[in-house]
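The two complexes that follow have chain A in common; it is paired with chain B in the first and with chain C in the second.
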Partner chain A sequence: MFGEGLIKGLTITWKSLIGKKITVLYPDEIYSLPDRFHGKFRFDKDACISCGMCVRACPNKVITLETEKVAKKKRILKYEMDIKYCLFCGLCVESCPKDALGYEKDFEMCQYKWEKLPMVFVDEEPLPAEEKERLEEEAKKAAEAKKAAQEAAKAKAAEDASQGKEG
Partner chain B sequence: MENLFTNLAGSLRAALESTGLPAILTDTSMTMVKLTAILVFILLNALWLVYMERKVAGYIQFRPGPNRVGPKGLLQTTADIGKLMSKEVVIPKQADKVLFLLAPALVFAPPLMVFAVVPFGENMAAIDMNIGLFYFLAVASLSTVIFWMAGWSSNNKYSLLGGMRVVAQMVSYELPLVLSILGVVMITGTLNISEIVRSQQGIWFIFAQPLAFLIFFIAGVAECNRAPFDLAEGESELVAGPFTEYSGMGFAMFFLAEYASALVISFMCAILFLGGWLAPFGMTFIPGWIWMFLKVYLVMFLIMWIRWTYPRIRVDQLMGFGWKVLVPLSLANIFVTGLVMKIFKMLGW
Partner chain C sequence: MLKTQEFTLNMGPQHPATHGVFRLLLHLDGETVVKAEPIMGYLHRGIEKLAESRTYTQVIPYTDRLDYLAAMLNNLGYVQTVEKLMGIEVPERAEYVRVIVSEMSRLASHCLATGAYALDLGAFTGFMFPFREREKLMDMFEMICGSRMTFNYMRIGGVADDLPEEFYPAIKKFLKEFPACVDEYDGLITGNEIFQARTKGVSVLSSKKAIQYGMSGPVLRASGINYDLRKKRPYGVYDKFDFEVPVGENGDCFDRYNCRVLEMRQSHRIIEQALERLQELPEEEPLNAKVPKVIKPPKGEVYHEIEGAKGVLGYNVISDGTVNPYRVHVRRPSFINLSLIDEMCRGWKVADVVAIIGSLDIVLGEVDC
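Then we have the complex of A and B:
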């Protein structure tokens, strides 16, 4: 019949007119995100060993990592991601040997102010000189004590061994 | 309820007469009041129709449509118009400044002038002219000139092409539009719009003249440049046709005028073929002007439904369809109508 296609088209649009709407009204409701959703970055300060692998892996030089060395231990002063240059390739997360970096189920990273764009995970002052000295002293003492204890243990073991021989 | 508006007008006239004004002043001020009421009616409807169109479009595309500004998004168009009003009207350097600014100011005139003879209900026409239908046809085609003005004065190739398309399209579709009404006029023997509605007491003309209704509807949709006949502003080819260079309120005027002319076509469909204010199935407990409104919105919804279903047709298809299909069909309709009327007369009905 002539005009059959026109009627068919109209029925299709009528069905969608009264059909269920599929739009998710975003700010009011959010999709349930999958478990491995690649969103905002998560940083675990305690797990980080400041190896700097992530800094080296980043193709856009987004990550800044500043550390200081206190008593032979690296302490993180600053861990910052300049997210406006980040391309979310995830190479930093892949390169992390301690799983200190990861993803969160959150993608709302918009900011009203330019200065707020970089994501600051750690921002600490370097330790004051006295504190540093004290810690180093403590570490030294602890190391010495450990050494002494070790030597004592060694000596004792040697003594035990000689006694055993004699006995 | 039935005579709510006529009573209102009557009491207003009585109040004016009691102040001792001369008769001519009373008449003039009554006409002014009626025309202002029509203007407000058109503007409110245009605002509502933009919202309705976006809702219908959204629903057809599985979307909810505008739903942020105001309750259910009802204030969306108001916000849009507010934004457009606050924007600058950019005038191109090479444009014909007078024509360029005159076109959006005049574009509302033809629909408004047509509404002067449209009966919104029984005895609710602002001016009950006895050549109302003829007046409608004459004035409605005036908008061609305004679109052409806009297209020409912009001094832009897309505007010019769009303007030329409007003229070509409107001239070709004016013919089937007029010829399709002729059947109705032959049956009723009058050009008075109210009389035409009254003569549909027995049978609506959509059943007596189904082909004429179809031709009138198609030609009407083409006449107000709505999809699938919106070649004039086909955005994939001509940016926005004659409106390309318009910004701010100038653009908004064209935008609202499109809905005003679509409203005119819906009113004419309802009046000529759907029985105007006459209630179907004897449901007279609902006032006539509400029936009128319901019918108009039914046609309006049909126009929107069609817009969001069919793709735009090509220029040559448009012209071919107009001249090779619609015009011969409407001529045949006139012939058959005349023949049947003659036979009925011979049979003595």
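Then we have the complex of A and C:
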């Protein structure tokens, strides 16, 4: 019979009238996001060892990392992500050996101003020369003190050992 | 004196029925198409050139942007090519994970093709139903790799991460419901008399022409040629699955559409089998082959092709022994399937042109590369 297919189609359409809705009203109800969701970036400054793996892993040169060397340690001056070029591929997060980079579940990254787009995680001035010298001196002293303490401990251990022999 | 003359009509680049920024310059005699000139390049981003200045791993996210409706298959094609070049054996568990995600991608692409085709022909309800399933698939992709469309999930030698715990119940629920959903599409779209009147016998593509022009995928199979790389030249672990290749008879728009619907049922079967085998394998088995940290394939050239959602997707990678590929070329099925558009449209009405483009299922990210 001609029109059979149309009637069958209509019954399918009408069936979906009853039953649970599968959509959510977005701003009021927020759909729960999975753990691996690629959203806004999270950067842990203290965990970062500024090895530069993320900078090298990025296919689009999104990440800028600037460091200075203070007392044999790298200090992060700048960590910035130019998010407008980001592909959200996750290669930087994957390459991080210390889990300093990660994702948050926030995906609302729109900005009104072009200049506000880059995500600046760290933006610090380099330390003044005196401060640097002071820190280096401190580090030197600490290292010497540590060395002296170690030597003292060694000497004490040797003394104990010789005493033990005699005893 | 009155006289008639041909006139030209630009269909696109912002026409919704061209599935992207594709322009078709139609030469019309009244409402009949005399000539159709495809004009493309509006979405050209030079991905092949970009790949030359990226390392082998960094190319993977760019392959996502080719056929963005079935990005997992693009990932698979590229990583398998590099693996072939380097001679890497992929662990079995990773192979099954790859099969599951790529068949899911094929389902997602075919769901869109089916729904968008119904929409092109004016059936809005028919568009919503396949999209419902596509949404579920994309939610699952989000669980696996954090993104809904541009996954970057495959890696050279394996996959980026194991399938998460919450994925298994979700896919099992989906697999249980899916056959009934395809029945719904059949009832809503395939069986609809208006739909059949618009598509049956429209723009018949003979098997000879289809082969001559290098057509592939559902477009070729609809013309009656049983050619599916998963069967003819199995890659990965595809030789271990039991599935059929749906083949059309007439090569008209209806057959091209129907091939995709039938293929969805077969993909469903493959996912079921792959999931079963994956769960039989011990959890401790590795997901990644041992690959050097810096990927430096030996000098040489390799071509590898897989069965993508739109047809045969091939990658040609040339290595000069450095960390960056010397040349990457992609054989994009959408681009090649589009090569016969002029001949297919000739003699048909403007309304049929929409049906013809829809039945080819092109995606402009892939056409322009």
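Here, the second predicted complex is superposed on the first by the 131 of 167 C-alpha atoms of A that agree within 3 Å, B and C clash if a C-alpha of one lies under 4 Å from a C-alpha of the other, contacts with A are read in each partner's own complex, and residues count from 1 in each chain.
Keep this in mind: a contact is a pair of C-beta atoms (placed from the backbone, for glycine too) under 8 Å apart; a residue touches a chain by one contact, two chains touch by 3 or more.
Note that this is a predicted model, so its numbers are computed, not measured.
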Problem - chain B versus chain C as contact partner of A:2, first or second or both or neither - result: second
Practice task
Please indicate which partner A:89 is in contact with in the superposed arrangement: first for chain B, second for chain C, both, or neither.
Solution key: second
Handout entry: First (chain B), second (chain C), both or neither touched by A:19
Key = first
Exercise for the section: Identify the partner contact of A:110: answer first if only chain B is touched, second if only chain C is, both if each is, neither if none is. Expected result: neither
Exercise for the section: Go through the superposed model and pick first if A:37 touches only chain B, second if only chain C, both, or neither. Expected result: second
Fill in the blank from the handout: Winner on chain A touched-residue count between chain B and chain C: chain C
Fill in the blank from the handout: Residues on chain A touched by both chain B and chain C 6, 9, 12-13, 22
Completion exercise
Given the complex, residues on chain B that touch chain A span 56, 58-64, 67, 305-306, 308-310
Handout entry: For the chain C and chain A complex, residues of the former touching the latter
Key = 54, 57-62, 64, 125-126, 129, 132, 135, 142-147, 150, 152, 160-161, 164, 166, 184, 187-189, 191-194, 196
Exercise for the section: Using the touch definition up top, name the residues of chain A that touch chain C in the complex. Expected result: 2-6, 8-9, 11-13, 22, 33-38, 57-59, 87-91, 94, 103
Problem - chain A - residues contacting chain B, complex - result: 6, 9-10, 12-14, 16-23, 25
